[in-house]
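The letters A, B, C, D, E, F, G and H name the chains in turn, as written, and every chain counts its residues from 1.
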């Protein structure tokens, strides 16, 4: 095992541990913080995979944006300090069993298929991404790129309409 | 030309020749860690002292001058005092998050050092998304503040945290956009490329008016992002006592304090890199003679000189301006800075595409 | 276990929270305690709680003689100790019918105006500090220290001068007094423009103050506001004009009023008052008549039976001293009508609907001195 | 040096912070009393729960921010290549910006960016 | 450390005053005053420990961050000491903290009345150790002008919280306040404050 | 060297942790957070496939970016709804919300 | 209006109220029961318009308490002092807080220092003294052997 | 027009900020000229206080250790504050008459408000205000002083 492998397993353990904490924490604020660490862990996984751009996007959008928004909404709904009602034990067990079964099934599938790595190097320089994004040809992403702006516009308008409905 | 490149190179090769690569890597990392911690200590001591001196000089007074030569040991005394002061954890706080927040803030301000180029060839990691990395990691510091504010179980802390939440997220946009103007001009996110592109002159001068506008916006946004006056609403003394770190004491408080100053350094270093050419000496077009003379000044001096100049400007702001109110602060961003920087980036695109810059 | 929710003052969904500001808070200028009800950043209600510096001066004065009680009033509005003492001395003189020598009147008025400048200087520094700018504070203190030195030369103390005694002033002016006052005025004339450059014209500062904390003329009167606070709302209430005491009726000065009634008007008000005070000083400083500085009085003062009310214009407004005498050597009842007390009562009215940052600015422009309110 | 340096830096930071906190813990002697642990609120016992009630205003800012933040993400690759791609890139981004600007205008008109 | 105030010097100067007996030198004060409690002996007593103690005391004494606490007139003179003419930042005292958690010294500048006393106590209690107290002015020292015939004034702040240094005057000049803080520095350096006398710490 | 399947297993585990949260939580914001976890696990898959299996293309990267974008939009809308519900019913419990009939 | 005119006017309207001779201000004694009506009259009547209550206090005469109201009119520039005698055991008087808003704080002060009960006061609580304070310190017979050291 | 107003606002704002920065920047550059700090403990030798500054009450003694206090307690009565306690005794004059004289003149510096009333009241000018100010102590009881020096006596001829 070389150092990079060790680091992968450390990161994986970190991600899973934090994710588990995130779904089991009693206080929702703490839950959000654990989610945050999960996301940071995933970002570092991307760094480990050397897809730096996605890693940075992950941090910018998820950590800097979505989690902040979630934290704000937690504050806004005054639930931050109260313990969340703990689910019934039966429900917990059922959920755990279902999840574990699903995990086993998928794990089996993954093992069955046994994806093999290609040795070709993966070039994900930002310039390559950018060129592809602006390319109007058939393998370019210009149209989705513009569509994203419309999606964002719609999301913004929708969210503003919904959020401001009550305050009128 | 004096350069640190050779030194780092020599160390690098020597290590790899004499050691197992993993070990060599480890040793290098250890070096980095120690160096950055040393840099932290240095920045903490120097910037605090500088702040005090700048403020006192603007305020007709002398500033610390009694402890050590010209008062230079003042910050040492403060540091030692803070270390040996009780770092208390009040009763009703969320102990885990309360203690984690300052560490998180410190981690953020340390990780963000990675792509900064301190001198020619002296950089921890020339990451290929350099600028994006900086703006991504800096958005993490808000989490530490929100965490501290919430965990403190104190109304002032929470109010302060809220304020800085709204503030930092807002100003991130115009900071990012003004950084992008330089990316448009350079065509790369790498710090080294950006600096190299300024060999014939700094972007501030080469980039015409849009670069100057971007620079001004960047400085404003940087001041806001580091919670400095006139945007220090998060710790507005006269309103919220000490804001989000009201409940922090001793070393925990000192870590926030340190992180604040390191963040100032970082944003100013980024500003210096993007707009003032980082370690690149002052070059003018093709005046070979002049450029050669400029090259004699070592690159770290250029870098730190520029950075400290920007830090001085930010301190100058602090000791001149009153604080904005929260709604004015957000208005400034959303009504003025953001639209202006969006148009500015279009303008700079036109300039870049038309090749009007030098 | 986590939060103590035994006193729940917030109603879920109404978004309101109760927060204490003060008594130990940098912006309350002392020990004012405000209980704010806020919604987010918006102030819904301000409830001042005072008494954290209630030193029972009124009770104490009932057992002090007419010579002695004056000193304790320096401690009420310590930024204007001289005007406080002035009001008390005047009340005693009025009761006893003592004629104050002209020279003493000049000196008193000069000192009053110097005090006004010093007080407004400090106010200017602290309003800027409240708004977050620190440097003005030091500039203001430079001027204030100059006045303090002048005071110290003549009165013997920097802050609590105790210079007025019934019948005049305690000592003659120091030989260098006139010169140093003239130096000061010359210096200050050049520096006050700098004040404008640094703070008044500053866009941030203006937007912090303009339209904030509006007080209409009717409200100002109804709340009993006096001084710059009321004059900024258009109430002409300068005691120096309406009930001239000492030599104020011989001096040429204008009573400055603004009509906007907002914080910025109050701010401009005080800056203009500083300029006006300087012109008063310039009128007087060369014309101090020769003569006694202290009228002859008996060793033991006894006020006749009756009630006496005297008022002066302190930097904060009208200070009234109301003495009920039973003919003894000590007052039977003494009441200080302090300007700050009434001005404070308008705070709630002025702040509602504004933000926390505005609260600080409004308090700053009200120029509250808490011991003056509490007495 | 690669991504490992990030981990090195993070570890250095943790080490730095925790050593500093440890030293602080070891060296200081602290008194204990009942009031020490109470929340500081200007010297008056705090009233009521400390649940923050901030109005929707904060949230709306965060929301608009999030949208623009995502937009910013798309700008980075664009900015890198704009010089090599040429004018078409400008056209594309103008369209992109225009649509988003409509959103900003809408938010503005709706008063979402008006602090209440 | 040539610029650290030289106490001997001050002591020597003190005797040239017009009223020799009235001018007490700091060194004199630090010396023979009987201080309640016993001076702590370091457990190891080793050179290293004591050297470290010295360093710590040096740091503490030179980095006294005051709480922005002032109740009345004396607070104005405290502000004067902060202002440019007297500038206590020369000593590093200028980092006034609004939160008691971060402050080292509480300068009781002004009268303490009965209603304020619990607040003062709470503030003092909420400060992180080590913490020092300077009673500034007659009021904080003894009730001063409001000692007699008042029903609401605490007759000296030391009835509420322990005080390290008293300075008389009404109000004391800014210089006098600086002198008081220097006196406090002497006391800290000599290891005579409550924090260094561990026995007493249990009692609070 | 880490086999691809391990990365995929990691993402699968993450997905089912999110699923567990989705089943057990009743707080709507917590539900949202679980959904974010699941989206993230999918992102990991996309990136891993793109990098290790089909390195010649960029589709995985772009899908990731778009998923992140959509996640942001979704979070914005979802939180707007949650807040709106909260303001009208003072609760963000799904069970309560289910009973609502507008 | 001059002092004499004012006195004339007021005696014309309220013949049974007494006026004090001499003194700095025109002083009118009013029965406490009628204070509320008279206050409204003083503020609203066009020839009075006492819009500014500049001092409100109380004096303890050992046999009774006297409320003293100092009034001024910004329009007519005249001044008037109104006094009301109150029973010392059960001092009660109508609040003027709705007439002059400054009275709210002044009355709260008088309430705690003299124990005067202001009827219909919007918020009659202790303002200055600690909440658990007993006694009315500004009354002449107030004694506090613990806090008050007599010289 | 609206847009014009928009840019005018920006321009004016920036201009006003620049004006402010000019002031502070000017002070920064002219610091050596403008600074007004008096370095207190270092200027102790040269520190000139106003002669009238009231720092504490002292009793004036001449070189023969004689003072002018007759023990009349006028100062004690004049003091609003109970700061002065004059304890008198009865001396035998050379003629064998009893004469009131001061035994201990107790002065509570910690109470004194420096109001000068005692000095004004003294018929013989025996006490005056000194401009000392360094009254910091560790123990407040040391602030209570005896003003007449041990062994001092009243100057001849003072009534």
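The rule is short, and it goes like this: a residue touches a chain if its C-beta (ideal position, glycine included) is under 8 Å from a C-beta of that chain, and two chains touch if they have at least 3 such contacts.
Chain-to-protein mapping (UniProt): H = 4Fe-4S dicluster domain-containing protein.
Fair warning: this is a prediction, and the values are worked out from it, not measured in the lab.
Peer 1: Under the document's definition of touching, what chains do subunit B and subunit G have as common neighbours?
Peer 2: C, E
Peer 1: Does C-E or D-F have the larger number of C-beta pairs in contact?
Peer 2: Pair with more contacting C-beta pairs, C-E versus D-F: C-E.
Peer 1: State, to the nearest whole Å, the distance from the C-alpha centre of subunit A to the C-alpha centre of subunit F.
Peer 2: Each chain's C-alpha centroid was found; their separation is 6 Å.
Peer 1: Just curious, how far off is subunit G from subunit F if you go by their C-alpha centres, in Å?
Peer 2: Roughly 70 Å, centre to centre.
Peer 1: Measuring centre to centre with CA averages, how many angstrom lie between subunit B and subunit C?
Peer 2: 44
Peer 1: Counting only residues that touch at least 2 other chains, which ones in subunit C make the list?
Peer 2: Each of 2-4, 12, 17, 19, 23-26, 41, 51, 54, 56, 59, 63-64, 71-72, 135, 138, 142, 145, 160, 198-199, 202, 204 in subunit C touches at least two other chains.
Peer 1: Can you list the residues of subunit B that touch 2 or more other chains?
Peer 2: Expected reply: 25, 58-62, 82, 84-88, 92, 94, 129, 132, 135, 153, 155-156, 158-159, 162, 165, 169, 172, 187-189, 237, 241, 246-247, 250, 319-321, 326-327.
Peer 1: Among all residues of subunit A, which ones touch two or more of the remaining chains?
Peer 2: As it turns out, subunit A has residues touching two or more other chains at 3, 27, 50, 52-53, 57, 60-61, 64-66, 68-69, 72-73, 75-76, 78, 80-81, 126-127, 129, 133, 148, 152, 155-156, 159-160, 163, 166-167.
Peer 1: Within their complex, state which residues of subunit A touch subunit B.
Peer 2: Residues of subunit A touching subunit B: 2-3, 27, 29-30, 33, 36, 40, 52-53, 55-57, 59-60, 63-65, 67-68, 71-72, 75, 80, 125-127.
Peer 1: State the interface residues of subunit E toward subunit G in the complex, per the touch definition above.
Peer 2: 114-115, 147-153, 155
Peer 1: So in the complex, which bits of subunit F are touching subunit A?
Peer 2: Counting only subunit F, the residues touching subunit A are 1-10, 12-21, 23-27, 29-30, 32-34, 36-37, 40, 43-44, 47-56, 58, 61-62, 64-66, 68-77, 79-84, 86-88, 92-93.
Peer 1: Which of the residues in subunit B come into contact with subunit E in the complex?
Peer 2: Touch list, subunit B to subunit E: 52, 56, 59-69, 71, 73-74, 76-82, 84-88, 237, 241-242, 245-250, 253.
Peer 1: Where on subunit B is subunit D touching in the complex?
Peer 2: 25, 28-30, 32-34, 36-37, 40, 82-92, 99, 102-103, 106-107, 109-111, 113-114, 124-125, 129, 131-132, 135, 152-156, 158-159, 162, 165-166, 169-170, 172-173, 176-177, 180, 183-184, 187-189, 241, 246-247, 250-252, 254-255, 326-327, 330-331, 334-335, 338-339, 342, 345-346, 349-350, 352-353
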